[in-house]
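There are structures below to look over.
Presented sequentially are two complexes of chain A, the first with chain B as partner and the second with chain C.
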Partner chain A sequence: MELKTKAQAGSFESSDVLILVEPVEKGAGRIIELKSIVMQQFGDDLLGQIHANLDDFKIDDVRLIINDKGALPPTVSARLETALKRAAQLQSGTLK
Partner chain B sequence: MEIIKETEIFESLLLAREARQQYKLDLLQKQYHLVSLQLNIPGLPKTNDILTAFIKEVEADFERYIVSLNANNRWSNKQVLTDAAGDAVIYLFDKQQLSAMELKAITETFEQSFVLGRIVDLDVLDADGQPVSSGKAKVCFICEHAAEDCRKTKRHAIVDVRRSMEEAIDNYLRELRMKEVVTKVASIALQGLLYEVSLSPKPGLVCRQSSGAHTDMDFTTFLNSSAVISPYFIEVCQLAIDFKGKDVSVILPRIKQIGLKMEDAMFNATNGINTHKGAIFLLALSCFAIVRVVNRYGYFKINAFSSVIQQLTRGLVQRELCSAREDDVLTHGQQSFMKYGLQAAGARGEAEQGMPTVLHHSLPCLNNSIDKKLKECTDTEVHDLLIPVLLKLISLNNDTNVIYRHNAVMLEELKAKAKQALNDWDNNRRETYTDLVDWCNDMKISPGGSADLLAVTVTLHLCQTEFRK
Partner chain C sequence: MIENSDFRIEEPDLSSKYDVDLIRRFLSPLGFYFDESLVEYSVILYNLNDDIVGVGSCLGKILKYVAVAPRFRESGAFAHIVTHLTEHVMNHYQQAFVFTRPDNILRFEGLGYRHIASAQPLISVFEFGYKDINDYKKYLGTIRSTGGEKQVAAIVMNGNPFTLGHQYLIEKAAVENELVYVFVVETEKSVFKFGDRYEMIRRGTRHLPNVRLVKGGEYVVSCATFPNYFLKNETPDMVTQKQAELDIQIFCKHIVPKLGICKRYVGTENYCATTQLYNQAMKTILPFKGVELIEVERKQLTEGVAGDFISASKVRQAIKNDDAQRLNQLLPQSTIEYLKEMNLSAIEQQLKTADLRH
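And now, the complex of A and B:
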């Protein structure tokens, strides 16, 4: 998947996550800023899941800013997928 | 099929949350801090009738809370939203008025003080669109761990958490409704008393301008008495809520104990004058029966009311009137009964039969002639509505007040005169009523039993309007 533009998905409602995607130069790697209300116990799990999802989409270079309000794994995956597809202009969505 | 449906709902939920967030951000205009009130219910659906009813109560409670802290704490705008993400109430506060931190502090203390605060989510978004967080973790609804911890580790099944929340909400709403019924019925009973005494002029009875046939009491005596009696209506109503048994006859002594307290309070307030003894008896029983019926059926069912009254008072005439001995210390009602028998069974007889005079005569009389809500009627309209009802009662009721102070012949004459006055009143000849008033005042005839039944009639009518099906 080729990321073309900045995009976001999600919200900061409880049990949701807000994910911002920004394309970066090839070779820059995955730059992930993660904030979560459950950082201490579940930060690593969350990060593991994000990496696995990025693997699935074959994305190696990206900047992600993630603000998690306690989203469960299915929500995280769904939000990430939408954010990436919006960045790849495969799916419409809002970005302000 | 089921799985596809779940996915669709999940998708619409995620979209609704995004849209809601955008909607909130659009409201801010750099000018307002935003407080959103939402429910934190796991599982689907995020909204249904019970959840909506619940959030409405929380909304009202929260608003009272904000204003109670400072009357100037007013929101500039409020919106109620319902979508796939659930119900939400959104408040906008001018940032000049309260800081985002102040708002966060207010919402937090509210969440902590509110009984089901763990289900309630009050979020603050500052004018720049940043969520204001306290960093404090919410406690799980089921156990004492952090809620997020339980969610992530799936300590409890979602269905279990949801069920226990729904049960708690159900109980909360039910208790709230019960409290409402108690206070409403108690105030309606007082209303019945006040409407009765305020009706003026009345034949022989105490009213606004006249003490009627009486020399030892006036309008003020009745106001004093009504005031001290009224708090006990709440007690009787609460008794009906608390009593879970099937056979209500066992609760009669408890009602009577409250009734006796009311009599004490009455005599204390009136310097020993009996203003309301009959009314206390009838209205205490009525309050109990009304609340029991409304609590059971969800609305006021007059026939069920009548049967509760019957069950409560079954055998009362036998026990208290037939078995009384002449050398006992007897009440006026008992003395009349001794002299005239069943015709003079009075308030006890009326109750034991399920209040037939009210059910079949005075209440239909009022219900048929009223074309709007009683509380919307002017003083004159109330007067014109209630005089015929009172006449109906006097024309039918074997009033032991009259029998005791006079005799059965006088009672029959009074009933006949009332019947005539009612007939003439209906044909726009009101002077017969005025003559009756004068006659009763002169002859010192006071149909106090009928006045009590008028108070009951008004009370039942108001309950029929208040607790409609």
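And now, the complex of A and C:
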């Protein structure tokens, strides 16, 4: 998946996660800025899950700003997928 | 129990008196006076009974007037509004700022906004987005001298345009210190563009090896943290004073430690009440933060004649009047040459139509 523009998905609400995606130059790697209210308990799990999702989409170079308010794993995956597809301008039929 | 899906967000038409009134009537019992000329985009959050749950607005990258009715404060309405506004801002900018009262620090921090600084008891400023103050600090790290200088001074200037007065202030600081950082205001609210102002200062300080130029970014007298600086205002109020304090708090908290600054130089202010207030705020805050403030008497054109000091506003007046002789008195050679290179007619036109303060 090729990221073309910056994009955003999710919200600041409790039990949700807000994800900002920004394309970076090739070779810059995955720059992930993760902030979570459950960092202590699930920070590593969350990061692992995000890397796994990025692997699935074959994305090696991206900047992610993740502001988690205790979202469940499926929510995180869904928000990430939406944000990435918006950044890749692949998302059709949903809100911009 | 209120579900978030019970909310509906609408974008009122700010050119409609009815819509503006709707927001104003909602905000006034909550202690806000809604001035629609200070916002460019607003939202109203309704519930399914068409009660107004909350409102929010923004101007540029700054979120304003975010408020939720007391009986809905336990719901996610606040987060809902902030999410919507943040997304709106992020479509155009790299980061969003919030100005609010310090009692809201926990609310915005709870959302994920970063608290930058406060001017008690009136204003706190927050940011969120792709860029933040740490990026600016990283930039400062690249500018930072590795020479181990101890006497380090800072000057903040707009340089609109760069005059003999600015040069005099920098030269004085350069003689009295081992190193001088000159912060150039980056906000594009002046007649001369940032690129031009920066270049004029660079050329005018080329002969001073211990002077380093720094971009002011969003954090040194910027539109985001000190908006009233750029308004023409004869009688600055409490809000302006608190914004000035906020700017200085940010300077002390984030910039001073990064660059090891121990002195700040300013010129005395003779006409602009906002800048006077700014200087006054520096006098009260800087010494407590370990930064010495040095107020330098403005350079006089003719010794002993009161009021005959150099200022950029006099230069702009002279440009307006096509008074080349006057310009020669007020500007260093480097600026005169630069003005010849650039197209002055656009600037002249702007000066004739607009009445800008800085």
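To be clear about the criterion, the second predicted complex is superposed on the first by the 91 of 96 C-alpha atoms of A that agree within 3 Å, B and C clash if a C-alpha of one lies under 4 Å from a C-alpha of the other, contacts with A are read in each partner's own complex, and residues count from 1 in each chain.
The rule is simple: a residue touches a chain if its C-beta (ideal position, glycine included) is under 8 Å from a C-beta of that chain, and two chains touch if they have at least 3 such contacts.
Bear in mind the structure is a predicted one, so any value in this text is a computation, not a measurement.
Undergrad: Counting only touches as set out at the top, which of chain B and chain C does A:Gln41 meet: first, second, both, neither?
TA: first
Undergrad: Name the contact category of A:Leu20: first (chain B only), second (chain C only), both, or neither.
TA: So A:Leu20 only meets chain C here.
Undergrad: Answer with first, second, both or neither: which of chain B and chain C does A:Phe12 touch in the superposed model?
TA: It touches chain B and chain C both.
Undergrad: Does chain B (first) or chain C (second) touch A:Gly70, or do both, or does neither?
TA: So A:Gly70 only meets chain B here.
Undergrad: Once chain A of both complexes is superposed, is A:Ala78 in touch with chain B (first), chain C (second), both, or neither?
TA: A:Ala78 contacts chain B only, not chain C.
Undergrad: Looking only at contacts as defined up top, I'd like to know whether chain B or chain C touches more of chain A.
TA: B
Undergrad: Under the contact definition given at the top, report the residues of chain A touching chain B in one complex and chain C in the other.
TA: 11-14, 18
Undergrad: Which positions of chain A touch chain C when the two form their complex?
TA: Chain A reaches chain C through residues 6, 8, 11-14, 18, 20, 22, 35, 63, 65, 67, 69.
Undergrad: Across the complex, what residues on chain C touch chain A?
TA: Residues in contact with chain A: 4, 76, 79-80, 82-83, 86-87, 90, 111-112, 128-130.
Undergrad: Which residues of chain A touch chain B once you look at their complex with the stated criterion?
TA: 9-16, 18, 37-38, 41-42, 45, 70, 72, 74-75, 78-79, 82, 93-94, 96
Undergrad: Considering only the defined contacts, which chain B positions touch chain A in the complex?
TA: 10-11, 14, 17-18, 20-22, 25, 38, 40, 85, 121, 123, 131, 133, 137, 148-149, 151-152
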